[in-house]
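Listed next: structures, encoded as structure tokens.
Same chain, two partners: chain A is paired with chain B first, then with chain C.
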Partner chain A sequence: MKPKVGFYELTGCAGDMLNMLNCEDQLLSLFDVVEVKSFAMASSAHDEDTELDIAFVEGSVSTEENLHLLKRVREKSKILVAVGHCAIFGGVQISENNWEERLKKVYGDVNFIHTRPIPHEPLGMFVRVDAVIPGCPINKHQFLSAAGKLLLGTMPELYSFAVCAECKWKENECLLMKGKICLGPITRGGCGAICPTHNIPCIGCFGPVEEENVSSEYKLLLEKGYSPEELRNRMKIFGGKVREVK
Partner chain B sequence: MKINIMPLARVEGEGGIYVEMEDERVKEVRMDIYEGPRLIETVVLGKRPDDVISIVTRICSICSTSHRLASVRGFERAGGVEVPEKIRLLRKLVHYGEYIESHSLHYYLLALPDFFGYPDAISMAEKYGDLVLGGLELKKFGNFIMETINGKAIHGENIRIGYMGRIPEKDALEHIKSRALALIPVIEDGIMAFPAMEIPDYMEEETNFICLVPEDDGFGFIGNTIITSKGERFDVEEYKKVTNERVVPHSFAKRSSYAGSPFTVGALARVNILGERLPGKAGDFFRRLWSERWKRNPLFNNLAQAIEILFCLEQIPPLVDRILSLPDPELKEPEVKEGEGTGAVEAPRGTLYHHYKVENGRTVECDIITPTAQNLDDMEKYLRRAAENLVKNPPEDFELRLELIPRAYDPCISCSVHMLRVKVKK
Partner chain C sequence: MRVIKLDKTKLVEYLRSLEEWGEVWGPVRKGEKFVFAKKDPSEFDLTARRTILPPKKFFVPPRFTMFSYRDGRWEEEFDESRRIIFGLHPCDIFGILILDRLFMEHYPDPYYIKRRKNTAILGFSCLPDEKCFCIATNTHSVEEGFDLFFSDVEGEFYLVWVGSSLGDDLTRIREDLFDEDVTEEDIERYIEWRRKRDKMFKTDLDLTGMPEIVEISYKRPIWEKIGEACLSCGSCSMVCPTCNCYNVVDENVFYEERIKRDRHWDSCMFKEYSLVAGGHNFREKRSDRLKLFYTHKLTGFMSQFGKPACVGCGRCVDACPVGINVPNVAKALKGEKVDAIWARGEE
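Here is the complex of A and B:
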């Protein structure tokens, strides 16, 4: 029997789902070996009653409806995979405080009739997450590798090293040493160091790497003449709530 | 009778349709937008412009390149930054890449299944394999262009304010040129697959169209002047005269209307207003296929998208030649310290505005108006007209007939929930 799979979008840009659809060469064969029960972005066929073997969930929890859907998906799925930065860390939307004040600034006093917005959180704040595929957006090769492993009954593994490792493999000149605010040392690898390879400092979109040494990077950049404010702002964008930048 | 379609499938983001009818009378019609708000415009305040362009790209995946282009243009106009010609042309090329990817995803994989009677492209592939594979090839090519020029297909970072990190290699550009030529017959077949089918008229009604006048003469997607189907023109700095936003309780996306009436932006607007300017085979197809019905029927947006794919493919070879004939400019980052400006581009789904104000090198004002937000009022108008015409004799596929309308607009709901003006209070 084919494994039953569902794809769900909470609040985000749908870039992780889109990168799955961007696996143009593998798309038809991938969908041939699974039974897709829900993938609203790509199909109008959906069956929300069947239990799932694997659920891929993208986006942050940003409305009561998001939370309700997440809990329902968790209940009926053997494995729940958080896909992309919003699902794992909360996305760029979580990077600033004063959510209520900002909401009011944007929408005034309108009472929304369908669902109430709530402060953004990653999936792990509410449910157990069994596996993650990092990135903003995810790397489609990592998605294919993770999907392959999950379908074979093993769990995907994360790159435990920082972007710097991949950057060195490409023999790039170090942008940090050139005085740029490059977040390669504190960001999880897996992207292929695309930005530094284009002479663009890493902005951190794969999220914090385990045991990131933020204070050392911070001090180094302070010595290069950057202000605490601009360093904090840069590190916050993809830092989620796990990166404490003081 | 109540029809509540939720979620609306084969669109980007979470939305739905609600129609309430009583005794053959349509009581209420709504395009509901459930997609949660992310308050992106408030996240960018106080940040450096080079941080802001990375954040706003994340508003949307399918049009991340258009968001990047509109944002860098906004900051460039705010700071009076000149863009070297080679970089301007490379932006044009990457934008064609986005159009090819976005339009082929929608046309082949999300819209055509409706007309062939399938729930999705995967099940359609069994019988119409060539069509689906052709769409996937085009989509892959669009992504290749974006990866080559912007680093990534989604949220690429190579396009910067006033410069770019790296100029793409000659070999990659030559490859793009030859692939474009090879794919022209694919989209010609794709266009021909559409007109053979009957396009229903149960929603037809006149409307207004709005798009940008291209900065280079002819047809195109980047410019500083807004034009309406009535012939009025506005500078992009006056964009609020045409967008007039308001908040409604059933949607996290704000709404727009022009002179009190809803309007349509996107491929259909561009082709209806500027179609006479289409060159080459795209122009031939336009003259052969276009009729007055295109001004009344949003379902022709699908076909307008297919014609634009052909336009992009035909433009790429001469554009690559021009890019390769120019020397590489010096790649240095300009500083945007003070100023205010609006950057606009035609995203695949329609006109996209990014307005910024910068003080002391920090962003103090941000206003982003997306195409789908502008289209929501017109979607509701056409849904109402359709419901009024169908309610007397409700067809079995009532829901599908309603769904066809917003889906034809290729709505990008993530985009639509992020537009408003925010100022820093001092």
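Here is the complex of A and C:
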């Protein structure tokens, strides 16, 4: 029997779903081997009752409705996969604490009718997450690799080391050594070091690598002449609530 | 060993002629650094210093597929290309000799052996920069491990050492370009060049007695200090010519109806490296991992193979953003002054 799969979006830009759809050459094969029960961006299938083998969930929990959907998906799914930075770490929206102030600044004094906003949180704050596919957006090869493993009933084995490893594999000049604020050493790899390969310093979009050494990189960049404010801002963007920056 | 001469103006022509044997790779500039690339020999940079990645990339690529499983059968995937790598410096040739022992002796690795046997090593002499310390590891002069070795002594000719029967065959492809007549003057010039080269080293590193010092230092607090600075980025392992650890992963390539097994470079600097079943980790702390790396480079290999697993190429000096590298760590263990972010506030 084909595994039953659902794709769900909470609050985010839908960039991860889009990258899954960008797997054009492999997508039909995927749909051959699974039964898609829900995929708002790709299909009109909308079966909310069937139990799922695998649920892919993108976006942060930012409204009561998001939370409700997440809990429902968790209840009916064997495996729940957090897809993308928002789902795993909370996204850029979590990078500052003054949530109420920012909400007011953007929306003014309005009555929220459809659903009430709540402070952004990653999925793991509310439910058990079985696997993650990191990135902002995710890398499609990593999605295919993770999907392949999940289809066999095993867990994805994605790179857990920092961006620098793949950056060296590509024989890039080290931008950090050249004095740029490159967050490669504190950022999870799997992106193929795509930005440094194009001479753009890593901004950290795959989120903090496990056991990131923020204080060492911070000290190093201070020595190179950057201000604490600048470093703090840069490191906060994709740091989620995990990264502590002085 | 046969020693012959090649007119310097004929080098490009000679290397081009080797394309009939295999792909010709050599050092080319990449920004401020160098990489080995498959280019027309006229683009090779003869002044190149260390390349970003060492030649291990030719024998164990960063990631490659070992075999695929399909329709109940598995099939190995070998790289059958013949390659000539021109421009390898003595340190890199020593690095290859170390990999040969690891991958060809007790545990023959068919993937390595296939690539290695299809590769011709064409060494090229070099002059040290401020990061080179091969004189301290005694890997600045090479007597084996190459098919041809070109020495760029001053004058109109390269002196070419023929190091193997394959090397000999390669000179026969354009025998007309070589000159057998090595004169007394050429020999004197070569000896003088060596003397000049040896004087150019700026390193003050002395690795004498290093194994004992590393052994006795295992519990010293210095490791914690270095550990605090280590970014665990793994760059040191990636660029080291003798680091050879790898991870093996299976992928279900469902869209091609096959399962493949890949090998990719790994590093003992990564936390996951020493993670085992049940969630236990033998080297949870960065300082423990650094100890492993440096024990392996400076002692472990020594007791097993009689020489350090460091060839003095200086790539770790080039690659570590926080100055954790063989010269700095060795000096710090010996109580010498070190200029690194983790050693500040010491004096």
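What we mean here is this: the second predicted complex is superposed on the first by the 246 of 246 C-alpha atoms of A that agree within 3 Å, B and C clash if a C-alpha of one lies under 4 Å from a C-alpha of the other, contacts with A are read in each partner's own complex, and residues count from 1 in each chain.
In this text, a residue touches a chain if its C-beta (ideal position, glycine included) is under 8 Å from a C-beta of that chain, and two chains touch if they have at least 3 such contacts.
As the structure is a prediction and not an experimental result, all values here were calculated from the model.
Asks: Using the superposition on chain A, tell me whether chain B and chain C clash or fit.
Replies: Verdict on chain A: chain B and chain C fit.
Asks: Would you check which partner chain A:Asn213 touches, where first means chain B only, second means chain C only, and both and neither mean what they say?
Replies: The answer is second: A:Asn213 touches chain C but not chain B.
Asks: Could you tell me if A:Glu230 is touching chain B, chain C, both of them or neither one (first, second, both, neither)?
Replies: First partner only, chain B.
Asks: Quick check for you: in the superposed arrangement, does A:Arg128 touch first (chain B), second (chain C), both or neither?
Replies: neither
Asks: Taking the C-alpha centre of chain A as the vertex, compute the angle to the C-alpha centres of chain B and chain C, in steps of 10 degrees.
Replies: For this superposition the angle at chain A equals 110 degrees.
Asks: I want to verify the contact counts: of chain B and chain C, which reaches more residues of chain A?
Replies: Residues of chain A touched, chain B against chain C: more for B.
Asks: Could you tell me if A:Asp25 is touching chain B, chain C, both of them or neither one (first, second, both, neither)?
Replies: In the superposition, A:Asp25 touches chain B and chain C alike.
Asks: In the superposed arrangement, does A:Gly12 touch chain B (first), chain C (second), both or neither?
Replies: first
Asks: Output check: A:Lys149 vs chain B and chain C. Expected answer is one of first, second, both, neither. What do you get?
Replies: The answer is second: A:Lys149 touches chain C but not chain B.
Asks: Chain B and chain C, closest CA-CA distance after overlay, in Å?
Replies: After superposing on chain A, chain B and chain C come no closer than 12 Å at C-alpha.
Asks: Indicate the residue numbers of chain A shared between its chain B interface and its chain C interface, in ascending order.
Replies: Overlap of chain B and chain C footprints on chain A: residues 25.
Asks: Which of the residues in chain A come into contact with chain C in the complex?
Replies: Those in contact with chain C are residues 25-26, 29-30, 33, 144-145, 147-149, 151-152, 157, 160-162, 164-166, 168-169, 171-174, 176-177, 184-186, 209-211, 213, 215-217, 219-220, 223.
Asks: For chain A, which residues are in contact with chain B within the complex?
Replies: Against chain B, chain A makes touches at 9-19, 21-22, 24-25, 27-28, 31, 36, 39-46, 59-60, 62-63, 65-66, 91-93, 95-96, 99, 102-103, 105-108, 110-115, 117, 120, 136-137, 194-195, 197-200, 203, 205, 230, 233-234, 237.
Asks: Please name which positions on chain C make contact with chain A in the complex.
Replies: Contacts found on chain C: 30-33, 35, 51-53, 62-63, 228-235, 238-239, 249-255, 265, 267, 270-272, 286, 318-319, 321-322, 341.
Asks: Where on chain B is chain A touching in the complex?
Replies: 7-14, 32, 34-43, 46-48, 51, 54-55, 58-62, 64, 105, 109-110, 119-123, 125, 132, 136-137, 139-140, 143, 151-155, 157-158, 160, 165-166, 247-250, 252, 331, 403, 414, 420, 422
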